[in-house]
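Dropping the structure in here first, questions after.
By written order: A, B, C, D and E. Residues from 1 in each chain.
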Amino acid sequence: MAITILAPAPAAAALPPRDHVRDSNDDDDSDNSDNGGVNLQGDFDKGSRPAKRARHTDIITPGETVTDDSQWMRGHGTYIAPASTEIIATVAGTVQKTNKLLSVRPLRARYTPEIGDLVVGRIVEVQSKRWRVDVGAPVFAGLPLSAINLPGGILRKRTETDELQIRTFFSEGDLLVAEVQSLHQDGSASLHTRSLKFGKLRNGIFMSVSGMGGGGGVVRAKRQVWMIHTAGGGGEVDVILGVNGYIWISKHIEAAGGDTAITRIEEKISSTVYSSQNDEISVETRTEIARIGSVIQLLVQEGVKIEEETISKAYEAAVGVASLNQGEGSGYLGGELGRIVMADVGKSS
Amino acid sequence: MPLDTSSYSLALLRLDGRRWNELRRITAQISTMPSADGSSYLEMGNTKVLCTVTGPCEGGGTRDRDRADIRVELAIAGFSGVDRKRVGRGDKRVSEMVSTIQSTFASTLFTNLYPQSTIHISLHVLSQDGSLLAALLNASTLALIDAGIPMRDYITASTAGSTSSYSSNDESADPLLDLNTSEEQELPFLTVATLGGSDQVSVLVMETRVQAGRLEGMLAVGVDGCKQVREILDDVVREHGKEVLKSGRL
Amino acid sequence: MPRELGPSLNERQFFLQALKEEVRIDSRGFGDFRAIQLDFGDEYGVSDVRIGKTRVLTNITAEVTTPFPDRPFDGPFTITTSLSAMASPSFSGPPSETEVLLARLLEKTLRRSGALDTESLCLIAGRAVFSIRADVHVLSHDGNLTDAACLGVVAALRHFRRGDSEVKGEDVKVFTMAEREGVALSLLHYPLCVTFSFYEGEVVLVDATLSEEQMREGSCTIGMNKHGEVCQIAKLGGAPVDAVILLSCSNLALRHVERMSKVMEERLLEDAKRRYKGGIKAEPSSENARVP
Amino acid sequence: MAISAEPTVVLSHLHHTDGSATFSQDGYTVIGAVNGPIEVSRRDELPEEAVVEVTVRPAAGVGGTRERHLESILQATLRQVIFIHNFPRRLIQITLQVTSTPDNDSVGSKIVQASVNLPILPSLLQTSVLTLLSASIPLAMTLTSILLAVTPDGILRSPTIKEIQGANSVHVLAFSSHGELLVAESDGIFTMDVWDDVHTVARRICCVETSANDSMQEDGLEEKAGGIMTFVKSVLQEKVNQDLNWKK
Amino acid sequence: MAADPILLPGDYLDPKVLPSHPSKALKLGPGLLHIPPNSIVSTVAGRLCTDNKKNAVWVEYNSGRYIPVVDDLVIATIHHSATDFYYASISDYSSNAILPNLSFEGASRKSRPQLAPGALVYARITLANKHMDLELECVSASTGKSDGLGPLTGGMVFSVSLAMARRLMLPKPGEQGQLVLLEELGAAGASFEIAVGRNGRVWVDSKSVKSTLAIGNMIQRTDQEGWMVEKQRIMAKRMAKEIS
């Protein structure tokens, strides 16, 4: 075995005394500069060596002390080391200060429910008086039978008959949009759908961007549900961005009669709200729904936050790109097309 | 094939040209897999591992109802080693590593924040060249940070060896940091993992015979190696964080 | 799946308070073992180790087999550990984590450290070797199975006698104990395990009972021989412990290993004397001399 | 060491089990432990009676078909002995660990051992019953068991391995405390007449020949050497007296 | 030596040994089974005991697993809670017993004790049926008072044999059970609280860790080593001196 023997080091340095090892950190730098030629590629530039690093970045990482000032209270993403006042980060993210509350918001994390969140979820289990709903949180959320609009009137009392036919409202696999009503001690959420905005979802497609970080991908915004007037004869398409990173894109269905009397709406509830049957959806609408889906996927890939503004812009750009490539009107926005769309989005913002 | 260690005392360089206290090249990436809650890819020299974290998600609390369970899966690819041997599911060495990783993070993560749920850590070994357990622990730490699961501090790991085997009572033996496969086969070594680059040792595994007196030196080098690894991993996380901030996702 | 209750909150609190006052529930010192009792069976290679209420029975057997093709000179040495419902109902069913880790620890301490000279088991290279098998039966589990099992296997290996053998050309003849006296195995060193349990970051207990094990935050098993060679260290996760404490554990381990080695030495000697008195040659015939 | 023909018993010596016993006889030593009645997994539970689980573990190696066969005999027998209707949806778990067998005459005798199932059966049966008694699990009866070999020289009690190998047939019989035959397992060639003889001999050895409902006359029967029932009774008497020494 | 006969399972009782009471019906205690029309058979190994006053007969034995009987007092460990119940365990590997949230003194829908998993309660068995889940209560259903039942805080639990638990709970342990340890400890000035569960668990609390341990260990040793009255007296005095 051929070994190139490099010039031996001076004899004095040949045997590093063993008790010396503990201080080796101190000589580390000198050691490294000695053999600068052997610089490890994995080593980051010296300026960013932690010992010398000025904490100019806003990123804080687990184990890092946020403050040792005892006037702050610790919030999410931090802990206080036993027998000290130091508040230490437990996640990698940015510091957030709310009054005297200090918390670290992770760069990315699973969705943690908060009261008032609009979420899209999927029924995973039907129990006698409630449903268990996957909302992408650490544990399933609950939707009590008492927290939905029952057919035949908003104010109607729930009866045993309703309990027996609980599956006629929601059954396993059904998708719904709901609001977080309350939180339990273990962090699990209780949902409600007691508004016409909420309820069962149909006539569309489901997407999950929770991989890009629930809180990070979809942000809590003023408007999470809106309508896009699509191009190409697709008509109106609804977009629902669940704060939990679950997204629903569907054909817009006009509530029958528009703003007629409330009693009419109630009747409406009974007939269609819990239907699992899709309406007639034209090919054009389907194309545009798919295009919006692709747009969102593209934004996720590019690490752009998902909100009404970015989606609308990107959608317009995508429509523009599609009109250039007439005849190849697939909604697919991978590769080159995606780059063009993103360039357009960048220009307009 | 026995490893020729005789040249070490001449040049004080190891066969791959490193000094006694030098780590191999460590490169790592996080958020490598968008569909997982957290993911990482880590290379320590030619040891390459992939880690994905899913969760915390529903179902769990079997050990303790007030905490999340941690489930670890470890798959060692048949092509990862020299002998291309398939590692079965029932392999005790694998079970031991799985149990070590599970137990390490069970006392590092704040699992009490996620009662009745499970955190899945799935590890894939693509290539093995020594310090496997250390690489797995490091990759898991990164993926767990990426998943935003609260932890006390980084768990970082490295290996340390000694330049002469147990039989030769060589007083002048040097400790070595971060062993590769051929060094592991020939020399006594240990794997050590510490919390946050401190002297707090979470994992200490040694499977070879060595004089007790040599332990201190090896442990000190190993602990120091963990400290260095922590800085490298921390830089990876910070770099990634900066990018995320730049793209305006937060 | 039957489950164990585990210590109640009251017991946990009481235990931790007692630790603060430097008291253990069974009023032992933190660094003390329970009483160790080592017995040997009537047959060779059977050891019965009792540490407090923990009891482990080890049985060594030898058989002539063909060696593995890649190791033609080595006699295979296997250690099987079985935790049955006898030790705890939760051990019925597939091997538990406890069982796998115990097997691994014994394997690392005894096999990887080369305690048994496997080459001495070779009769005809590539054709015939003695294969040695150690069956470890846990009869009662009140903590610290590892140390008990390791002591049990080493003691049983030292106690074991395989049948004497003769090789004539290609033929191997193994004599029964009646025909010729048995041959002791060749052991290169006698590694033993000492397990430390950690609490509250700094309290270190030796030889934890089952309930102490259920309440510990971490543990470390050190395998050593009396010459001060560390054969194996296993701190497999758990709460972090200062490196200095771990090093002091290895010093403490040596003391216990020396003590256990002495117990083993004495008991082996006593057993040898007992056997000699009866006349080892007279032994086989006694089997037939039964009460009519 | 010398193999004692007299059986020896240690009762309730294992920690963490509900009952335990070590029984040695004819060179066989078996350690038994019982847990129960305990929770049983949903999959295995019986709605009206207890599940009886018997595990036999050999001294060396892992259990195979031989052990499974012994387990099935034991399980069927013990279900008759235990009041299983008292514990519906519960489990009574019996583990029998063989620790020594009397066959060290020839090295590597595992193969020989594997072909012979019966000789160890009486020890297993006796151990399991003693273990159940130690756990105070309600039983309908106690049980005594014996191994007999029919050789050209006549019927032998507690035969050695060699004698078994030379025997025409081997029989294991077990009797309840009321003298009813519970187990009859035979191996070899024999006629019904021979079997009848075997039955008579076995019954005489196992059961204390007395009117069944008179339990207080045992003193007079002590001389009847070999009354296994007497032996079991004296062992338990000792245990009960020790346990209840506080009770006047 | 023993006046009372030792019984083995399957032994028929001699009608002569049965107590004969003119008016009361014969009561069969543990370990006996009535096979109609008029045979009585033992099911365990133990000693036959009779009580002529109560016209009762039973088998005294000490071993095995605790088998729940209605009205027994037990020390149970909370396993987890559900909306209306706590699930509590009274021995390892047994299925859980049900303890209603409201069966505590003064408990109402609004205020009921919050018990974490692992907490101990001293409870009475209200339902023990082989086909049904065990049920417990920590309050007397008739008076609404706890009568000493309820959550146990602090202290330490020691395991003893089932017979020892019975002896500790006898109305006159000294006379009926040759057990004077507790009285002697009290007389020697040791102060402590004790709760005995029929399931073989004894809870002890006192002012210090050391004395609690000493008392607990003494109870265990009396049980395991079979200390007679004299020995109990000596040891109790010695211990009282040590801990005071």
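By our rule, a residue touches a chain if its C-beta (ideal position, glycine included) is under 8 Å from a C-beta of that chain, and two chains touch if they have at least 3 such contacts.
Each chain and its UniProt protein: A = S1 motif domain-containing protein; B = Ribosomal RNA-processing protein 41; D = Exoribonuclease phosphorolytic domain-containing protein; E = Ribosomal RNA-processing protein 40.
Bear in mind that the values here come from a model prediction, so they are computed numbers and not experimental data.
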{"item": "Farthest-lying chain, centroid of Cα atoms versus that of chain E", "value": "A"}
{"item": "Among all chain pairs, the one with the most C-beta contacts", "value": "A-B"}
{"item": "Chain centre separation in whole Å, for chain C relative to chain B (CA means)", "value": "30"}
{"item": "Computed distance of Cα centres, chain E from chain B, in Å", "value": "53"}
{"item": "Inter-centroid spacing, chain E versus chain A (mean Cα positions, whole Å)", "value": "57"}
{"item": "For chain E, residues contacting two or more additional chains", "value": "92-93"}
{"item": "For chain C, residues that touch 2 or more chains besides their own", "value": "2-3, 89"}
{"item": "Contact pairs between chains, per stated definition", "value": "A-B, B-C, B-E, C-D, C-E, D-E"}
{"item": "Residue ranges of chain E touching chain B (in the complex, touch as defined)", "value": "80, 117"}
{"item": "Touch list for chain C against partner chain D, complex", "value": "1-3, 41-43, 46, 53, 55, 57, 59, 61-64, 80, 82, 84-89, 92, 133, 135, 137, 139-142, 162-163, 174-178, 210, 278, 283-284, 286-291"}
{"item": "Of all residues in chain C, those that touch chain E in their complex", "value": "2-14, 17-18, 21, 23, 25, 27, 89-90"}
{"item": "Footprint of chain B on chain C - complex, ascending", "value": "97, 100-101, 103-104, 107-108, 112-114, 217-218, 220, 224, 228-244, 246-247, 250-251, 254"}
{"item": "In the complex with chain E, residue positions of chain D that touch it", "value": "12, 18-19, 35-39, 83, 86-89, 133-142, 176-178, 212-216, 232-233, 236-237, 239-248"}
